[in-house]
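As written, the chains take the letters A, B, C, D, E and F, and residue 1 is the first residue of each chain.
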Amino acid sequence: MTSKNILCNGQAFEEYIFENEPYYVPTGNEIEIFTAAYKNNLPVNLKGPTGCGKTRFMEYMAYHLNRPLITVACHEDLTATDLIGRFIIKGGDVEWNDGPLTKAVKNGAICYLDEVVEARTDTLVVIHPLTDERRILPIDKQGIVLKAKPEFMLSISYNPGYQSVIKDLKQSTRQRFIAIEFNYPSMNTETQIVAHESGVSQNTAHSLVEIGHRIRNFKQHGLEEGISTRLLIYAGKLINEGIAPNTACRSAMIEPITDDFDLQMSISEIISAVLEWE
Amino acid sequence: MTSKNILCNGQAFEEYIFENEPYYVPTGNEIEIFTAAYKNNLPVNLKGPTGCGKTRFMEYMAYHLNRPLITVACHEDLTATDLIGRFIIKGGDVEWNDGPLTKAVKNGAICYLDEVVEARTDTLVVIHPLTDERRILPIDKQGIVLKAKPEFMLSISYNPGYQSVIKDLKQSTRQRFIAIEFNYPSMNTETQIVAHESGVSQNTAHSLVEIGHRIRNFKQHGLEEGISTRLLIYAGKLINEGIAPNTACRSAMIEPITDDFDLQMSISEIISAVLEWE
Amino acid sequence: MTSKNILCNGQAFEEYIFENEPYYVPTGNEIEIFTAAYKNNLPVNLKGPTGCGKTRFMEYMAYHLNRPLITVACHEDLTATDLIGRFIIKGGDVEWNDGPLTKAVKNGAICYLDEVVEARTDTLVVIHPLTDERRILPIDKQGIVLKAKPEFMLSISYNPGYQSVIKDLKQSTRQRFIAIEFNYPSMNTETQIVAHESGVSQNTAHSLVEIGHRIRNFKQHGLEEGISTRLLIYAGKLINEGIAPNTACRSAMIEPITDDFDLQMSISEIISAVLEWE
Amino acid sequence: MTSKNILCNGQAFEEYIFENEPYYVPTGNEIEIFTAAYKNNLPVNLKGPTGCGKTRFMEYMAYHLNRPLITVACHEDLTATDLIGRFIIKGGDVEWNDGPLTKAVKNGAICYLDEVVEARTDTLVVIHPLTDERRILPIDKQGIVLKAKPEFMLSISYNPGYQSVIKDLKQSTRQRFIAIEFNYPSMNTETQIVAHESGVSQNTAHSLVEIGHRIRNFKQHGLEEGISTRLLIYAGKLINEGIAPNTACRSAMIEPITDDFDLQMSISEIISAVLEWE
Amino acid sequence: MTSKNILCNGQAFEEYIFENEPYYVPTGNEIEIFTAAYKNNLPVNLKGPTGCGKTRFMEYMAYHLNRPLITVACHEDLTATDLIGRFIIKGGDVEWNDGPLTKAVKNGAICYLDEVVEARTDTLVVIHPLTDERRILPIDKQGIVLKAKPEFMLSISYNPGYQSVIKDLKQSTRQRFIAIEFNYPSMNTETQIVAHESGVSQNTAHSLVEIGHRIRNFKQHGLEEGISTRLLIYAGKLINEGIAPNTACRSAMIEPITDDFDLQMSISEIISAVLEWE
Amino acid sequence: MTSKNILCNGQAFEEYIFENEPYYVPTGNEIEIFTAAYKNNLPVNLKGPTGCGKTRFMEYMAYHLNRPLITVACHEDLTATDLIGRFIIKGGDVEWNDGPLTKAVKNGAICYLDEVVEARTDTLVVIHPLTDERRILPIDKQGIVLKAKPEFMLSISYNPGYQSVIKDLKQSTRQRFIAIEFNYPSMNTETQIVAHESGVSQNTAHSLVEIGHRIRNFKQHGLEEGISTRLLIYAGKLINEGIAPNTACRSAMIEPITDDFDLQMSISEIISAVLEWE
C-alpha cells in the first residue's frame, strides 16, 4: 500500500492512492451497492459498530474505483471551516489552504467523513448542497462556488449504537444518503484476518474469533459495544510474542472493552472454556 | 434549468434564475395562495416534513413570478451578519460583501430561509422589519437602511414535526407570516416523478411509491419522519443500475430512515409484499 | 406618514417623525396615563400580547407628543454597547457612532425598547439610571455622562404570557416603570381596522373579527397566544385577491398560530360556522 | 444637591459630593451603626428589599460623613477589571483609566456596590483584601498595590428575597461585613415622603401609603416582592396630573408588581376599599 | 508586623515577611505537624471552616520557619497562567512577569493557595509536579522548568462544608497533601483575642465568645456555617463605639450569617439570654 | 535518577532518561505484557486507582526499554494544540515549538498521557492515527505529517472508578489499546517501599501498610478511593520526625482521604487497633 499523506490546514486528514488492493472480504452485497451509488452520484452512509471494517471497506472501494481517498475523523470541535479551508499566514504572506473536503471536490476524490455526527452542526449544512443534484461547495471566504468533479463522492459513517438524544443525524440529513449496514465479518473470514495479521496459527486464530463472537452476544447483556477485529489481532500478537493465551486475552479482550466486574468474570469464563477445549 | 451560482460572504447561498419551468405538480391551492401573498407583499411560511417538495415549490414559484430565488439553509451558527453581509479583507483592501438577504432586498429577489428556526435568534429579529409594511432592512455595519424593492419577497420554511421546547418559532414571529401546509405528493404524481428522475419503468416506480406511502403510515407507530420522494428516486436509481429491488429498497428506504430493528423488520415485510405482488 | 430611517451602529433601529396622525383607536384611558407619565418623566411599561397594538400606540403617542420615536427590537444577543454606541473604523479613521438609546437621550426622543426582557442583563442595568430622577446615561467608552434632555422618555414593552423562570423582569427593574395593560381592540374597532387595511367589505371584516375573537377564547384551551389583528388583515387581503374565504382563513388564521391537529380542527369549525352563517 | 458625574472606563458609575442633606428619615439605629462601622473601618452590608431606601441612606451617610459616594450597579457581566480599571487607547496613546473602586480607594470615598451578588465571582475576590485589616487593592495590570486611604469605606447591598442557589453570597464573603437590615419606612414617614415628592395632599398620600402597606402583606400570599415607595410616588404624580385615583393606582401599584390575575384582583379590592373609605 | 506588598501580573497576591510573631494560639498539635511536614517537603492541606484561623496560622508558621508567605485567594476564574506568570506589554517592551507561584518557587517562599478548589482545573494540574519528589514547575511560556528551592513549601486550604458535587478536590489531588483539620479556638483563647482586638473588657469579650460558641451549635440545625472570630471582634468594636450590645450583636452576629427568620429569632434569644445574665 | 527536564510550549511535560533503574516491584505479569506490546507497536492503556504505581511502572519500563519518557498530565483545558505544538513569538521572531506528543513521535520516546479522559475531545481524535498501523501524526499548522519513529510508543492511563456519564473513553478509542489493570502492591512489597522511602523501621512500616490495606476495604463502604502508597510514606515520614503515630496517621491517612465523620471514626479505630497491637 503506497500512501501519500497530505495535510490541509485546520484539520488533519490523509489522502491515499492505493496501488495494491487492500485486504477486504465482503460480507454481503455492499460492493455492488456502493459501486451503483458511485455511478449515480448518490452519497453513501456506512452504518455499523466500532471496528467492523468500515474504514477498510472505504479503502477497498477507493482502490477499485481508482479514486484517492480523503478521510476526516469528525469530532465535536470540527467546524465547516476545518473542512473547507482557511487563509493562513505563512512567512508573512497570506495563503489560502484548501481543507480536505475542498481538496476532494477539486480532485474528484472520495471524501469519507468518519463519525460525522460528532462534528458541529454547521458542517452538516455545508455538505447538503454536495449531496443533491447541485453537487456544489460554496467557499464563502474566497467568494467562489465549486462544482464538484464528476468523480467526487461523499461518504459518511455513523454508529447507530452511539446516537443519543443530543447527537443524532437529523432526518433531513439522513435522507440525503443511501445507507449500507455493516457488521462484523463471518467467523471464517475473521479467522483468516486474525491469523494473517497477527501471525498466530489458524487454530489459535479460530479460538480467538470464537471468543470474540461469544463476547459480541453480550451486547444484549450490558456490554456497550461488541469487540472489534482489531482487538482479536492484538490478542494474537501478544500470544505470538509468548504471552500466555489467558493473559493475552485478558489484556486485549476483557480490559479494553469493559470495567464491569461481573461482565469481566463472564467473559473470562468464556475465554477459559474456549482455550481449554481447543 | 440555467442557474447562476453566487456566493456571499459569511454564508453560502445560491441565486437561481430559472429559464425553464421546474417540474412541480401542485397538491392543492398552494400556487394561488402564494401568488396572492406575493401580490400583497405578505411573507409566507411553508410548513411541512422533510423532502415533501417545499424547495421545488419555491423554484416553481420563482419561475412563474419571474424572480430570482435566493436560498439560505439555516443552521444554529447562522447569525444576522451572515444574512446581511460584512466587510472582508481582500488583497489588502477592505470590501463590503452583501449577504444573501441584502442581495435579495436590493435585487427584488425571493429570499427563502430554509428551516429558519435553526438559525440564531438575532436573525429572526433582523427579518421582522422586512415582514410588515415598513419592508426595510437596516444594515448597521454600513450605517444605512435599505428599503426592499417591491418585487422582494420573504419566505421561510419550518418542519412542525421537529419543533422542540428549545427551538420553536415565537408567536410574535409566526404571526408575521401566512402559512401554507405541505405534504407528500399524491401517488400518481409521485410515480411520475420517480419514473422520470430514476429511469425505472412506470410499474417499478409505482411499486416504490406504494412502499413509500405505506412507510409514511408508520409515522404514528414510531417512525420519526416519513420517507422523502428523493429516497424513492434513489431506490429507483439503484434498481436501474442492476441492484436487486429488495436490496435497493433496503439501502434506500430502510437503512436511511430508521435504526430501530422492529421498524426495519416491518418495513422489510411491506417491501417484500409489494415487490412480490407486482 | 413621513419617516426618517436612521441607523446606528451595533443595533438596527428607526427614528420616525410622524407628520400625519397614525391610525389608533384607544381601548381605555391609556392615552391619558401615557401623557401624564410623559409630563412627569415617568418611564412606562406596555404589557400585552403579540399584535395587540402596542407599537401602533407608541407611534400614535409620539405623534401627539410631537417627539421622534426610536424603536429597538430586543433579542438575546443585544448588549448595552448595542444600545449606547461604539467606535467603528471607517475608511481608516476611528469614529464614534451613537447607539439608539444615546441618540434618543441626546435628541429628546421617545425610546421604545420592544420586548426588553429578551435583551442581555447588562442592558437593563444601563437603563436604570435613566429611569429615576437622575435621568443620566453614562457612556463609558467615551468617558462622559449624558444628562437626558427633558423631552426624552423611556418606554418598554413586555408580554406577560411569555415570561419564563429564566427570562423575567426583576422586581428592581419592573418597579421603575408605571405599567399599562394592553389587549386586543373591541370588535367594532377591529372590524374598522380590518376593513380599512385589507380592502374587504365591512361584512367580511366583521366575519373575520368574529372568528378572531372566538379563536382568542381558545387561549384557555391550549392556544399559546391569541391571534393578532395583523393576521385578520392578512386573511382579508387574500380574500380580496380572490382566494376562497375558507382557504384564506386556513392560511392566515389557522396554520400561522398552531400546529396542533385538534386545535386546527376546532378553529376550522369555527371558521366554517361563521362564514356559513354570514 | 450638587453632583459631579464621573465616568471610569469599563463600568459606568457616579461620584456624588452632597452639599445639601439628602432627605432621609431613619427607621431604626442604622445611622449610629453605620457611623460606628465607619470609624472602625468595618465594611457594611445593607440587606433589604427593592426600593426600601438603601440608596438614599447611602447618600445621607455620605453627606454626614462628608465623603464622596461612588455607586456601582452590579450585574452579571461585571468583572474585576470593570471595578479596578484598564488601559484604554485614546487618540493613539495608551492611557490608564481608574475604575470606580480604584477611584474610591485613592480618594477615600465611600464605594457602594449595589446588588453585589449579581457581579461575577472574581469581583468578590477583589474586594476581600479591602475588607480586612490589610485594606489593600492590588492592581495587577499596573503592577502596584494600593493602600486604601483611611477615609475609604466599602459598602455593599443585597436583597435576601432574591438569593437563589446559584447566586448567593458565600459565608466567607458575608462574614467580612457587618450587616444592617432595611425595611420599608413607617407609615408616617412614608406619607410625608409621598406627599412631598409627588405633590399630592397629606390625605391622598396617606391613602396611597395605606394601600402600599396592605399590598406588602401579600408577600406571604404569592407576591414576589413588596411595593417600593417609588411606586407610591408614581401613583401620586399620576393623580396630581388629573388621572383618576383608581386608574393611577392600577398603573402604578398593580400592573408594575404582578401579572397574576388573582393577585391583581385582590390588590384592586384593597385599592377600592381604601379610596372609598377616605 | 512589617509587610512587603508585591504584585505579580495576572493575579493579585501578597508576600509578607513577618518581623514580629503574629498572634496565634495553637488549638492542637498543628504546629508540630506543619513543622515536620516542612522539614520533609510534604505539602499541607488546611481543612476547616471560614474564619477559624487558618490564614493566621499560615502567618504564624511563616514567621517561625522564617519564610516569606505568598497568599493567593483562589476563585473560579483563576487560571494556571495567573499563578505562573505571563508576558506583559510595558511601555512598548514585552516583559515577563512572574506569577505568585513562580515567585514562591524561585524565592523559597511558602505559597498558600486559599480555597484552592475554587480555581479552574488547570491550576490543580500545574501544582501536581510541585507536590511530589520532583518539585518542579514547568513554565511553558518561557520554555523553562524551575526546580523549587529547598525552602519552598506548598500549602492549600479547603472548607469541607462547602464542597459540592461540581467542585471537589479529586482524590488524585487530595492524596498529594497531608491534611490538618482546623476548628474554632477554645473559649479562653477566643476571649483573649476578642478582648485584645476589639478593645472591650474581658467580661464583654467572654459574653461575645459565649454567644459565638452557642451559635456554632446551630450548625446542625440549619445554619450554613459557624460564626467566625472576626465577627465577634466586629461586635466588640461596635460595642466599644457605644452601640448597645444587643444592637451590635444583631449587626455583627445575626444579620451577617443568616437570612432565615426562625434562625435569627433563636440566635436573638441566645444573645439576650447571655447578655442579661452577665 | 538523572532527568532532563524539557518543556514544550502549550503544555508542560517532562522528558526523563533514566540512568538508574527506578524502584518497582511487579504485581503480576504487567512487565511481560507491556514489553510484548512495545515490540508489536501496540498502544497500552493502564487502568487503575490513584497512587497504585502506574507512573512508577512507566518509569521502570522506560528504563528497561531504554527510551525517554514524556509524561503529560491531562486536564479539561488540554487541547490537541497543546499536545502537538504551536508557533510562538520569541524576540520578534515566529518560532515553531514542538508539543510533547510531537517530540515523542520525532524522538521515538514513550509518550504517557496520564488520565487522558480529562482532556478535550479533539485530543483523542489526534491520537487515533498514531494507534493503528499508520502511526502518523498530522501537524496541520505546519502542513506536514510525521511518521512516528519505530521506537515511539503511546500509553495512556485511566481510572475506572472516576469515569462518569459525561467523561468516559468511547469504545472507538478504548478498543485501540490493549489494557493492563493495576492495583495496590502486595503487603510485603508495600512494607518494603514504605520502610525504604520514609525511613521508619520494618515494624512501623508493616503497621502502616496493615492500616492502609484495611482502609482500602472501606471502598465498598463509602470511601471514594483507596489510600495511596504515597500517603503511607507520608505517615512514616511524620513518625520519623517525632510526631506521635496516632497523630501522624490522622494527618496522613484520615484527613486526606475523607471528610465524612463516620468514616473518619471507623478508620481512626482501625489505626488505634493496629498501633496498639503492634
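Miscellaneous remarks
The rule is simple: a residue touches a chain if its C-beta (ideal position, glycine included) is under 8 Å from a C-beta of that chain, and two chains touch if they have at least 3 such contacts.
By chain, with names taken from UniProt: A, B, C, D, E, F = CbbQ/NirQ/NorQ domain protein.
For clarity, every value in this text was computed on a predicted model and none was experimentally measured.
Superposing subunit D (CbbQ/NirQ/NorQ domain protein) on subunit E (CbbQ/NirQ/NorQ domain protein) by their CA atoms means rotating through 60 degrees, a value rounded to the nearest 5. Annotation: the subunit B (CbbQ/NirQ/NorQ domain protein):subunit C (CbbQ/NirQ/NorQ domain protein) pair of sequence copies touches via predominantly different residues, less than half of the used numbers being shared. Set against the Cα centre of subunit A (CbbQ/NirQ/NorQ domain protein), the chain with the most distant centre is D. Averaged Cα coordinates give subunit B (CbbQ/NirQ/NorQ domain protein) a centre that lies 54 Å from the centre of subunit F (CbbQ/NirQ/NorQ domain protein). Work out the mean CA point of subunit A (CbbQ/NirQ/NorQ domain protein) and of subunit F (CbbQ/NirQ/NorQ domain protein), and you get 31 Å between them. Multi-chain contact residues of subunit F (CbbQ/NirQ/NorQ domain protein) (touching two or more other chains) are absent.
On subunit B (CbbQ/NirQ/NorQ domain protein), the positions that touch subunit C (CbbQ/NirQ/NorQ domain protein) within their shared complex are 29, 32-33, 36-37, 39-40, 42, 45, 47, 120-122, 124-126, 128-129, 132, 134, 136, 138-141, 143-145, 147, 160, 163, 170-172, 174-181. Against subunit C (CbbQ/NirQ/NorQ domain protein), the residues of subunit D (CbbQ/NirQ/NorQ domain protein) that register as touching in their complex are 5-14, 50-51, 73, 75-77, 97, 115, 118, 159, 162, 224-225, 227-228, 230-231, 234, 237-238, 240-244, 247-248, 251-252, 255-257, 259.
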